[in-house]
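What follows is a set of structures for review.
Each of the next two complexes has subunit A plus one other chain: subunit B in the first, subunit C in the second.
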Partner chain A sequence: MKSKTVKGSRAARPGNSVLGKGAATAFLSPSLLFIGVFLLVPAFWTLFLGLTDYKLVGIEALNPSFIGLDNFAKALQDPQFLSSLKLTIVYVLGSAIFGQALLGFILAWVLNELSPRVRSAVELIVIFSWIVPGSVVAFLWFAFYNKEEGTLNAILGVNIDWLLDYPMLSIIIFNIWRGTAFSMLLFSAAIASIPKSHIEVARVAGASKMQQLRNIVLPSARSYILTNLLLITLWTFNDFGPYLLTGGGPGGQTQILPIFIYDSALRYLDFGYGSAIAAIMLLLNLILSLIVLRMSKKGKK
Partner chain B sequence: MSFVSIEKITKVFPGGVRALDELDLEIQDGEFFALLGPSGCGKTTLLRTLGGLESSTSGKISFEGKDVTFLTPGARNIAMVFQDYALYPHMNVLENISYPLKVRKFSKEEIDKRVKQASEALSIEMLLDRKPGQISGGQQQRVAVARAMACTPSLYLFDEPLSNLDARLRLEARTFLKQLQRELGVTTILVTHDQSEALALADRMAVMDKGRIKQVGSPAEFFHKPANIFVASFIGSTPMNLLDGVVNDGKVVIGSMSFDIPAHAQNTARTGDKVVFGVRPEYVSLTSSPGSGIASGVVKVTENLGTHYLVTADCNGILVRGTAPDGSEPHMGDTVHLKPESVRTLLYNKTSEDLY
Partner chain C sequence: MRLLGKEVFTSDKRRIDERSSVEKISTFVFVLLAVSFFAIPLMWLVLAPFDSDPTFRIKWPNWGLGNFSEMAENPYAYRSLLNSAIFSAGSGLVVILVGAPASYVLSRIKFAGRDAFLYILLLFSSIVTGSAAMVPLFLLSLKLNLIDTYQGVVLVLTGGLIPAAIFILKDFTDSIPKSYEESAQIFGASSFRILKDVVTPIIRPGLAVIFVWSFVQAWGNFLAPFILIRDVNKQPAAVMMYSFYNDGGQAVFRTVAAFSLIYTIPVLAMYFYVNKKYGFRFYGGIKG
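And then the complex of A and B:
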């Protein structure tokens, strides 16, 4: 009896797995195989392609040659790439940080005050915008923004071709509409995780709603906020959705990086250059993630 | 004049649960008052209504004669200590204690002075730069009390502040809370489900059930003269003997046993009344021979309570509990004769459930 309990406690300690290394490896290997084949290999293949002049047609398609960092040097001098990077930053700041995160938090904060029934009804509606397939959403917004028969013009009583005259604003609003549900849900969970008594101590002290928000809610939700900002920044950075609305146009005004990569690689068939831009994006994503992780670690200390 | 005055307070939650039912209560200035009751009896709702965290459906609350029924919590000049202490994990102890003072816009010198006073009174001055996660449960509890104290409120509301501490620490914290309340002399209302805590701490207390107050009085009154069957069965570390019987010719007849009518009921209990005869096991002792006013039976269980044993005997199908001193306890299967101390017996009306 006694030896049994000792054995059990030893097995529970990390490093001494219950299954043994062989069985654990066997269980993990299918998923590792798939991750390797479909995620890691293409990623490294992209990195490698970025160092070549590989094209889909022509002589280089048959016999690509290794050109080192030429593609990267080209990118840094390419005005189209630099403008695309700038557009991406505007798109991320506008639709993710100021749009989804801010609006999502306001929604979560306001919903928290309402009755549970109203809350779940609103949440259901908002989540709907998130679960509808992207192509369907794009079609809906195409109809919404249409100049002749569009809903938006009908509501405002104007006659504007939104996607032509305000393309960046249009895709930013489109992405806010599409992604706010996620931030709202995450922030709702964050606010719900704050013990009621924490707010009540502030109420008894006479703190206003704004003081409760600033002093209690925001610091308590800090790690949720950072996680959310990281996720939506990465998603928006890599978002290809606007292509469905504008195709990157007019005149490259909405040609954010994912669209630029698509155009370079698949429209102009320059795989090497497209891969190099993708590698730069990967690097930017990594830097962003590291900054946020560092920040959340600091908060925990 | 009473400090807190509660008149016909009713609280109905959405969904129809009646947490407080036309409840009246007066609490005196400087009193340590305990609200005791089983879970769901409405004691916490009453405390939160006093604090303004819940609004009452109807009724009136006044502090020092001033109507506060519709005031916000911040305008009531109270401080609350919660069961989970509600310390902010992102602030250190110093910031936690000074937070309510900052909200109330005290000057920096005043805040420093008060934090120093409170933390010295609770001997936590060496913890000021720690985060709540880095100190023990007992220390967290002290910080929570210090935060309440630094506000110098006119009323403390304690919502089970000791129930998260382990047994030994709880006893220490209890003594210390009582001492602190004496020194500060501020009216304090404590909610607890632990009767020994209420009996030990309170000057006066109330037992609640289903949104109503069943009895208000001093701890001694509760122990010796529970006003009704509910309180009688609720109060006491060992359950009171409550035996169904009938009054017949100056005696209380319970099965084949009969006892003298308790002194307090001699003029009011009439022949034929259905009654409940109550006596605490602590006041039932073993005697050598059977007779009138003595319950004889076979020992079913003996429980060691330290200085004495709790003896449960089967007296012709009726279970009677008494106590025997350590060392002279009977054994299972022995025949014993249990004699209640006649001045300690109580008689309740079976229909109204109230004390005669």
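And then the complex of A and C:
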């Protein structure tokens, strides 16, 4: 009798799952609701708003109308938007690609050779800069960059108002400091996944460090490197962090796209135009994400 | 012939020795510079809270704990930390309550469209970022009367965290063999009992990691409360931090210093806790 029940239940549920169909649906639906309301709806709402002249103040607030692609046409001729786009590209290239990825790779490569104790001590400091809350980090760097009392000027023996005279460089260095830990950890994992014997063979055969790097490490870590570059590009592209340091200033010199959207939509309350810019960002995010996903699928095969 | 070979060998060896000492020195210099770069800005956070006369400069302190009592007298400081705790614990709980059941189903049941669902989930969570979706999220909160409420911030934060949470938890559940559930089934346990007494205890470490991860993400988040909270009594520490030095144009150093440290400690504590208890596992591609 007992064994019969077991057989029966196996036959009835080939997946052999604890949950029935109804329960499974009930388990899934709250997350579907959340994703629908807080991810899908906002995405399409952004696209829709971008096609209107919706503002929170003025006549358009009461009666917003559909204006087609006017906002997008306006953006393409708006020197402020074009400059913001350019600043964003500089920020991403400088702080993510050349900064975080390169420094993260060198750190992972160099630390791999050191004793475990030194290695984890250095890693811990780098990780600290990554996990301290963003608002605190912004204040630390605000203090560090200060003209009169800042520690940076004291170390270099100069008297520069960093955030005023070199705002873009300042936020780039700030973001390298902030985000390198991720690349370092990912590349450490990549290097650790290379069989020790491969490097050992090359070393015994007399290959220099550079040759080992070029011929063994870089080819084996290729997929990690590409994934890392795309991910940090995506994150840096969407990073609101510099706002805490410069507010987009001085004179819009650090007004990267997230800050530009905030300024147009939530500060000057032009929701239509701000949403059009946001829609352009969504599109660029989509392209980047599709490349990441395509690559990670290939990597798995 | 043999002699020649030996000569070549020794000169090669010398070259390698020279090269490796150059390498050692440059490695040392690089590590020193890197450590300075990362450690120096952090020094302010370590020293200034205990300095009775803090400024922007990183300096050896005039030791004292006066900054903390000064901070304690500021009702907004204390209140904002409490608010941060509410936002973070709330987000952690909702993420688990909503995400864990979904990840269990996605791990254990193969249904048509499951892979597509996971794919779309991943895609949307990386596309619809706070920066790109701030306008609709603000309008949504306005229409649902969620501006200036704890629920509003928690829901918006949770919406952004759930996809990644489901992914990590599904991975975690996948790594646990089905045999536990199967044997419980054979013994005739009800579904509810299996979930409560078999599944939940096994995936508890995963739940703990997700709770901590969501907590930390919400604890540090600036944009959501910055947009959705106007009431100063409901502002979390991330936003309050900003008003200590923007008010009169001059920073209230003693309060800021003590506040920065107290606001940072929970995150560090959680990092050490997770690191010690579960080991730092690298979830590729998950940050926030």
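Here is the rule we go by: the second predicted complex is superposed on the first by the 263 of 301 C-alpha atoms of A that agree within 3 Å, B and C clash if a C-alpha of one lies under 4 Å from a C-alpha of the other, contacts with A are read in each partner's own complex, and residues count from 1 in each chain.
Here, a residue touches a chain if its C-beta (ideal position, glycine included) is under 8 Å from a C-beta of that chain, and two chains touch if they have at least 3 such contacts.
Everything numeric here is computed off the predicted structure, so don't read it as measured data.
**Q** Superposed on subunit A, are subunit B and subunit C clashing or fitting side by side?
**A** Superposition check on subunit A shows subunit B and subunit C fit without a clash.
**Q** Using the superposition on chain A described above, determine whether A:P133 touches subunit B (first), subunit C (second), both, or neither.
**A** Once the two structures are laid over each other on A, A:P133 reaches subunit C alone.
**Q** With both complexes overlaid on chain A, does A:M281 touch subunit B (first), subunit C (second), both or neither?
**A** It touches subunit C, and subunit B stays clear.
**Q** Residues of subunit A touched by subunit B versus by subunit C: which partner has the larger set?
**A** Here the partner covering more residues of subunit A is C.
**Q** I'd like to know which partner A:P195 touches here: subunit B for first, subunit C for second, both or neither.
**A** In the superposition, A:P195 contacts subunit B only.
**Q** Once chain A of both complexes is superposed, is A:A154 in touch with subunit B (first), subunit C (second), both, or neither?
**A** Touch partner of A:A154: subunit C, not subunit B.
**Q** Counting only touches as set out at the top, which of subunit B and subunit C does A:G206 meet: first, second, both, neither?
**A** both
**Q** For A:I89, decide between first (touching subunit B), second (touching subunit C), both and neither.
**A** neither
**Q** After lining up the shared chain so the two structures overlap, which partner does A:S220 touch, if you call subunit B first and subunit C second: first, second, both or neither?
**A** first
**Q** In the overlaid three-chain picture, find the nearest pair of C-alpha atoms across subunit B and subunit C and give that distance in Å.
**A** 6
**Q** Determine where on subunit A the residues touched by subunit B overlap those touched by subunit C, and list them.
**A** Residues 206 of subunit A touch both subunit B and subunit C.
**Q** Going by the contact rule set out above, which residues of subunit A touch subunit B in the complex?
**A** Residues 115, 195, 197-198, 200-207, 211, 215-216, 219-220, 222 of subunit A touch subunit B in their complex.
**Q** Where on subunit A does subunit C make contact in their complex?
**A** 5-6, 9, 15-20, 23-24, 26-28, 30-32, 34-35, 37-43, 45-46, 49, 103, 106-107, 110-111, 113-114, 118, 122, 125-129, 131-136, 139-144, 146, 148-151, 154-155, 177, 180, 182, 185-186, 189, 206, 208-209, 227, 231, 234-235, 238-240, 244, 257-258, 261-262, 265-266, 271, 274-275, 278, 281-282, 285-286, 288-290, 292-293
**Q** Can you list the subunit C residues touching subunit A in their complex?
**A** 12, 16, 19, 23, 27, 30-31, 34-35, 37-45, 55-58, 97-99, 101-102, 104-106, 108-111, 119, 121-140, 155-156, 158-160, 162-163, 166, 178, 181-182, 185-186, 188, 191, 194-195, 199, 216, 219-220, 222-223, 227, 237-239, 241-242, 245, 256, 260, 263-264, 267-268, 271, 282, 284-285, 287
**Q** For subunit B, which residues count as touching subunit A in their complex?
**A** Touching subunit A: residues 14, 51-53, 72-76, 78-80, 82-84, 86, 88-91, 99-100, 103-104, 147, 151 of subunit B.
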